[in-house]
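Structures given as structure tokens follow.
What follows is a pair of complexes built around subunit A, which joins subunit B in one and subunit C in the other.
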Partner chain A sequence: MRLFTSVLTPLFCLVASAAAASDYHEQLVLKPLPQNSVLASFDFKSNTSVAQFEAHNFRYFPRSLAQILQHAGTRELHLRFSLGRWDAETWGARPWHGTKEGSTGVELWAWLEAGSDEEADQKWLTLTNALSGLFCASLNFIDSTRTIRPVMSFRPEGDHPNTTMTNMHLLHGVLPREVVCTENLTPFLKLLPCKGKAGISSLLDGHKLFDASWQSMAIDVRPVCPAGGECVLEIEQTIDMVLDIERSKRPRDNPIPRPPPGHELKCNTSKPYNSHDTCFPTDSLSAQEWTISQVFGKSMKGTCPLTDPAVPPVCIQAPHSRDVFTSAGVTELKVKENERCYLAPAEDDFELVLPHMPHEGENAKSDADEYVKPETPLLYAERSFTGHGQQRGGVQTIFTNPSPDTEVEFVYLESLPWFMRIYLHTLQARISHRTGSDKGETLAPEGDVIQEIYYRPFLDRERGTQLEVRMRIPPASTVFMTYDFEKSILRYTEYPPDANRGFDVAGAVITITTLTPNGKTSSLRTTGLLLNLPTPDFSMPYNVIIFTSTAIALAFGGLYNILVRRFVGQDEGPEVSLVRLKGKIRAAVSRLQSKTKKPGPPGMAAEVAGGKEKEAAKIE
Partner chain B sequence: MSTAVDTGGASDLTLRKEAVTASADNAPTAPEPAVGATRKEPPPEKPSDTRRRSWVVASFWIIVLFLGLPIWWHTTSIYRANLPLDRMLEWSDGKACRPVFPLRISLDPGSLQDQEAENLLRLTQHALDDLNDFPAHHLRLQLAQKEAKQGSDVALTIRLTPGESVHTATSSLHPHLPILDVSYPPNSIPTPMSSSSGLATYIAAQLRSNFAEEQNIINYLLESSTAHQEQRSKSVSQDVAQTLSKRVTRSLKYARTYHLTFSLFTNGPSPSSWDIESAIDQYMRPVLDMLAPIHNFTLDTQVQLYAAPGVQSQVLSKEDLSAFINAAEWPLSPSIGGAPTVNFVVYIGNQTIGTEAAETSQSWLIPQWGSVYLLAPPSSVHVASDTLKQPILTFTSHLLSLLGTPQSGSLPLRLSTLTRVRSADLLLRASSSLGSLARLSLALKSISIPSSVADGVAKSMHHLELACASLGNPESLEHAQIAEAEAERAFFEKSMVGQLYFPDEHKIAVYLPLLGPVGVPLVMGLLNELKAWRNRRRQKAKAA
Partner chain C sequence: MKLSGMFQLPVLLAASLLATVSAEHTNNWAVLVGTSRFWFNYRHLSNVLSMYRTVKRLGIPDSQIILMLPDDMACNPRNAFPGTVYSNADRAVDLYGDNIEVDYRGYEVTVENFIRLLTDRVGDEMPRSKRLLTDDRSNIFVYMTGHGGNEFLKFQDAEELGAFDLADAFEEMWEKRRYHEILFMIDTCQANTMYTKIYSPNIIATGSSELDQSSYSHHADNDVGVAVIDRYTYYNLEFLESEVKDLSSKKTVGELFDSYSYEKIHSHAGVRYDLFRGGADAARSRLLTDFFGNVQNVEVDGAKNATVDDEMLALSRTIAQLKQIAEEEEAASKNASEGPKPESKSYKNLPSAKPLNDDNWWVKKLVGVAALAGCTGLWALSSYLESSA
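So, the complex of A and B:
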């Protein structure tokens, strides 16, 4: 995408410079991926001059966000809402080189202008609270335990004058438990000048977006000072999603997948048992046909009139041999190899059709005609828990450098909750070759891998752990980084609802400092983890109250009674009503007996009863 | 057990056992062994045992009463700072302060002799006092100082000039200064002996009519605050009260700073820009500058495209007007920070307002929120400053009524009236907040009152006193405002609510398992001991 814009720029530079002062730009890039997926990257960019921004006159820049930024003294803002996992093995390198991506949940980092750390914290609190209201997200739960100040990982993207640079504080917070959903998309769309009513934003629909295999919504605000020009404040909103074509083609009124009826089954005819009533279904992963309105659930309603009409709103990154049909009035531009763009009519609906391409017969097409082979990422990373039990655990992160000849250098950042007490001395990196004859063998000592560590230990209930590790991985090798931690026991009120589900731990941020071919840094994030803490039974306090009270009452009652009571013989104490009742019943019974059984030995019952009574000592 | 039963008792036991068997054997014919018949009195207890038992019971009770209870009390009691409840209730009942607005009106005699001027002053004051029926609002005349120093506490200056007309006096309000120009016929100056004068009556009537609205508003405020019941001697008439109540409910709550948001909404993609900055500077800025002593304003503007109104119909009926603002979709979020937001919306559309009243009206005011102006779609994508003239002027007048400015009189006079009305209003609000807080703390005994609340109350009352003492002066507004803010802060203190909903059932559930089993033996032991003690006394008395 970056590459593409850099190629496009000379094409449209005349037009762009004419409308540079306060312009708006939007573009959708579709990229078919292997296994019947398609990556859709929406990019909306609007500018306002800094002078207009400071005079509170807003045109394309959203007022609601601007006043939050002004109130909280925010110089640069990055907000991410993400869901799902990017499958790097299949889909290759991330869109935007991972710079528009966040950890699962909500991630926010911003540069605030403040004189001191305390002032920065205060402004951060204002910012998170205001953003939480604007985006209907629980951002206000980013408190001091979830906030860190990264040292090596992030660099400002905008152009800041040196005077403000010295006063800028970077704060970073992440909410891994937040479930991103439609209520976050609606305010996101409201920030756009065309509001999802026209242009590519009319394709965005919560049902499809949050049904995607992976999606990331990003908002970046940064000042941009072009050389010799007036400084502008740029807001860039992007949405990237990977849609499973088969899944998104399901009709909305019948979303439950059902087995297709017999006559629609595609059978593998090469099987020996294949006949009219036996069928082995062929691999359903063969490429499907799709159209824009099918995968997005609605068609695109014209173009947004605020954009430059010369900039094509929709591009598709696929080999030129891929058949693409368009609706009437659409102009196709072949921008470069493997990329085509489409100029849409202003008013009419826009439609792209990518038909099914036969893999057999005449004009047979291969996978290479379906999609561009995904670019290999610079680094693969995955992270998981190790160990067992409720007391200790470990974390293992596996980094793989797929490149056969270049080494990769990156900063690994973890923001861990305070109840995960890590032992830094257990941090280890083990390196092994991934391929070749010496596979699995340890090559270089650990010292060569870990270059630098920045560690800020946790404080209970005040702040979490911040761990930044600068690492370098030689070509074609894998590094296993492990460390151990202890799980702490929380207070009763600190457990969230549904505590047995576990506690989410945010994904690690990996900032690759080795530059990509076009000179940009790239980043990636591991998936979040689910930490199981020892969880108590939550009716415990009442049980404890009852138990202790009973124990105290028993001990006290016994002691007290013994101390104050006087012991006398059974016949000396006052008669207790129960004993008297027993005596009466017994008397009535024996009277009855003596009447009916005259010849029987008299006084038997009384004697037995009396004997029993003798044994009881009466306590008063 | 051995602690309580001595050996004597144990030997008794064996003896009695034998006795029971004996009685059972000896009376085989009697079916009832007659436990009662063979019941014996226990041997007399040793006095040392009795005494020891009394000590045990007493020491248990001493521990419970002098150790347990204080600890329980200390650990479960809720901190309640001392509030001056009586004073607070006095404020809310209006007994602490009688709002009196002494307005000083200075008389600039112009070419008149001192003697004549003083005479005129006396007569006018008489006439004013005769006219005035509302004690809280008092106009006091004074002669203007020769140094002509416009004191800030002078509400209005009357400038006398001899006129050309021979018969009647005329008067006019200066449009930019608080000055009433009165031109009088030369022959109407009262002689020192005369007890009445046409000119004096005329001036008095003019003053009265100029301040009538202010009087009504203040009277209405005093009356509607339930506290000042005793002052409603002469109430405002029904329809005046109605219009006033409409106006008061329409106006925004007082704040030092207001945030004005100007928004351009359109249903489609154009127009997408407007000359709002120059339009505001041209048509609204002068009024905002005049309001500066009372209010500060911050402004922002926005353009929002593709904004569908909440009502789809082409002709807007009166009911539609309230639903026109599409609150769910239009980004009209209030400004963050302390200042309340006033919204001014220009809506580009073909809609017309179809009320029976006016064909031409294009705008309406939404109480305590802002106002909307419907503008016909312009031909270009840019809205020029000239097109915005009418909307901005309408917004300006709407802003004044949203701020609660009275409607008659010249602008400076209206603004100084606004100051006084606002300070009265804030004073009453603060008092009633204090009263509510006092009643709340009386009604809810379990509510905690942190010391910050007591601080807030003290500060609020201090400023209330200052405000009350200087009513009518600009600084009273300052004080009333601080008092109101402090009273609100004290009333809405967050930490007060935490303990509020701690239900009694919960307490029972926590205490009962402990207090039941422990309390019953304690109480029973005490009762038995008392009974035994009474018996002993009775026996002693019998023996004696």
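So, the complex of A and C:
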């Protein structure tokens, strides 16, 4: 077996290098992460020669997308659908160095070929609307208030001839509120040559994908010109998701976790109160057993017949000491340290089983056997709101450079909505060095941190704020960047139906220009923010109507009464019945009083009765 | 423009007369609209999605279904069943499934967009999948559900569609020859009031409840935590699922309407036939598959003697010829453009982000000082003039 592998490995490498020129290939990389999570990275790459593309001949390149790109004069396109938060503290550096990641919601940026900014805007409108129809997302909401033209953050990834380069316009838009759900996955799968029916794409299921702790769907289209070869247009579709193994193993029809029966509970026996009826459950941190069909809810149905057969469809990045069992007919290749790949049979179902790894007992395993230690990212970033109240607020972003010896340089880009009016003069960066002891904190002038700022102020209802800051952070230090802003009051009709939920602010894009060990730029996104604006009581107009109606009724009633009434002296007018009624009541009361004080002579009672008769006659 | 409009009028009139002669529809469309946001209105989305599954089951393709979902229930954090929507507590059918295309969602579901969709008054940039591309041979099934009242239907708790707006939209559709027949179905409180104002021909309308009657939900699912379907829609689906199993079903619209009863729905479902050509009898005898299913018969213009292969050959020859012509034209235009360059239009470029820097610091400060000094001078001058006066 060993000999076989050693022979196969160079052969495989040879084939893999040839595969780069092939038209379509797909690969799934599984990477166990700490705390019983697993990162699944799906990668689908196909290409077509530019000449074929322009002649409208499409084989692997999706026609529906190609026509949109041609119609809108798009030279390079990047589209992201993301959900959740990447936990960098636990999971380490991001997959693909963060280049396939988007802000929460939908993010789109593209290079359009246009003679002027206005023409570019027109093409951008066409592009966003067409993509909204294709991907079932509200991309048409990317209007001028959400569109920015970043200066430093993005560079074209493809190879563009210098002639088109001068006419290319970069436009960028984010929709932080956009939900990502099955209706976005459906068109994504339809763009693939195997359409989710065979190969690794058959594992993609909305029920698991949108239940993941973090997920990002990406589409990148770029021209690639290999040295001396013909230029090709490459489309790369990737899906990255972090699955919580325990959560994704729950059955579809009964996903609500219920407490396990008493005899299945694992108790922490070190507790003093531990007894046969008292239990403090232990955290089961040892690796759980999982299989591909369990975590994805489906098993893989053969390989995609259109894919390059030399590229193994499934790889797993785990220490070789981690046991992995496969279904029959699967060939294992040890590609490099901590990575194994599997060649699947074309027709049969493919299955991988990663058994339970007990931390105790005879074959005790440690965490190091379970997963590869996550790589430390170049930079940690988190952003939050500060301040309180309905009028003002602040934003604080904390950058941490974990490296003990290298400084990190990056571009921080924010695209803020117009109703968040930032005060640029309050922008400041405070640096705290983590020298030997934690307490050693020195403050450095911000000039050392902030290198360059590009800024485009907002215009009410027309465009948002664009802020790009190039920063440099020395090794082992933390930078706090803050600025203040004021909240606008919107017009009544500008509030969305769920205004009290708050307004989403897109995550900041951080492009790290310090190269990774592999010589690539990397990027990351902060989480989005939820901004609470002063929100009116939406029943207010009705209250106003009712209040004014009441006021008018009162005023009008009184005035009308005064105008139409004729005023006369009391003796001139007819005898008012109310006065008579009053007199009658008074007489009755006085009679009652006299009755209760002392029983009167019978004659008096008769007189009273006579009076009553008289009065009754009068009334008639 | 006016002149051509005058010429068009008789043509249009003649055409509309012809349209009344032609009896059959050639394509089917469905407009399915939910109008309620927020989690507790889960049942309205499941109503719409059940109708979506039914029309899809009976063959209407996604490209001819306009689905409007105002909120996200499937991927809602409050949903214990991620990626799924159920319309029954037995949870047998996942309505969201693996293959769904939502055309309008979230904040896009507004009264304006709905009216624009019906009347096709949309911008050039609107993609085809979000348009109702019907013609005078289209049968349209319009289903709406949400919270309503006397002659209105609320959209997302923020705005209302009035019965008059709806009636006028249908009339505009009729004038633009955008439908052949419409089945309008609505499930809200006081639903029957919504169709009372419609005055355009060939519309069968039905609603769940009379004026001053509520439309009730059918049952709740304890794990989902809210009611999952409304009674009226539930019994409609029950009929459609048990009686209309496939396109060969001969069940009529009348039979569906007869199945409604107060005992089941807990409100008085209403029907309106008077707009339909031929009245109640004609309307009642329409097949349910005329509205819920996709039409199968294809109309061929005239008989052709040539075989398909010959046609294909001729077609490919034409394409080759056209390509050649296009190439020649391109070459000619290239030659022409090599001569004098066309004058490039001067466009106004938008202001882009500017770098913030400390260039000309002294100049800026001096300008500031000068402005301040100017103001002070003006103030001094005015106070001097005032005191001297």
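To be clear about the criterion, the second predicted complex is superposed on the first by the 509 of 620 C-alpha atoms of A that agree within 3 Å, B and C clash if a C-alpha of one lies under 4 Å from a C-alpha of the other, contacts with A are read in each partner's own complex, and residues count from 1 in each chain.
Operating definition for what follows: contacts are C-beta pairs under 8 Å (C-beta built on N, C-alpha and C of every residue); 3 or more make two chains touch, one makes a residue touch a chain.
Here the structure is a predicted model, which means the values were calculated and not measured.
By the document's definition of touching, of the two partners only subunit C reaches A:179; subunit B does not. Of the two partner chains, neither subunit B nor subunit C is touched by A:289. Applying the stated contact rule after C-alpha superposition, one finds that A:54 touches neither subunit B nor subunit C. With both structures placed on the common chain, the touch criterion links A:141 to subunit C but leaves subunit B unconnected.
Touch criterion met: A:560 reaches subunit B, while subunit C stays clear of it. Look at A:67: by the touch rule set out above, it reaches subunit B but stays clear of subunit C. Using the contact criterion defined above for the overlaid structures, shared-chain residue A:130 touches subunit B and also reaches subunit C. Overlap of the subunit B and subunit C interfaces on subunit A: residues 126, 130, 133-134. Contact residues on subunit A toward subunit B in their complex (touch as defined above): 55-60, 62-64, 67-68, 71, 126, 130, 133-134, 190, 193-195, 197-198, 304-306, 542, 545-546, 548-550, 552-554, 556-557, 560-573, 575, 579, 583, 586-587, 590-591, 594, 602-603, 606-607, 609-611, 613-614, 617.
The touching residues of subunit A, when paired with subunit C in their complex, are 83, 115-119, 121, 125-126, 129-130, 132-134, 136-138, 140-141, 148-151, 177-183, 186-187, 196, 205-211, 252-253, 255-256, 424, 452-456, 466, 468, 496-498, 538.
Residues 1, 3-5, 9, 12-13, 16-17, 19-21, 24-25, 28-29, 31-33, 35-36, 38-43, 45, 49, 53, 56-57, 60, 261, 269-270, 272-273, 276-277, 298-307, 329, 331, 333, 335-337, 509-510, 513-514, 516-518, 521-522, 525, 528-529 of subunit B are the ones that touch subunit A when the two sit in their complex. By the touch criterion given at the top, residues 37-38, 70, 72, 74-75, 80-84, 91, 96-103, 105-108, 125-130, 156-158, 223, 344-345, 347-357 of subunit C touch subunit A in their complex.
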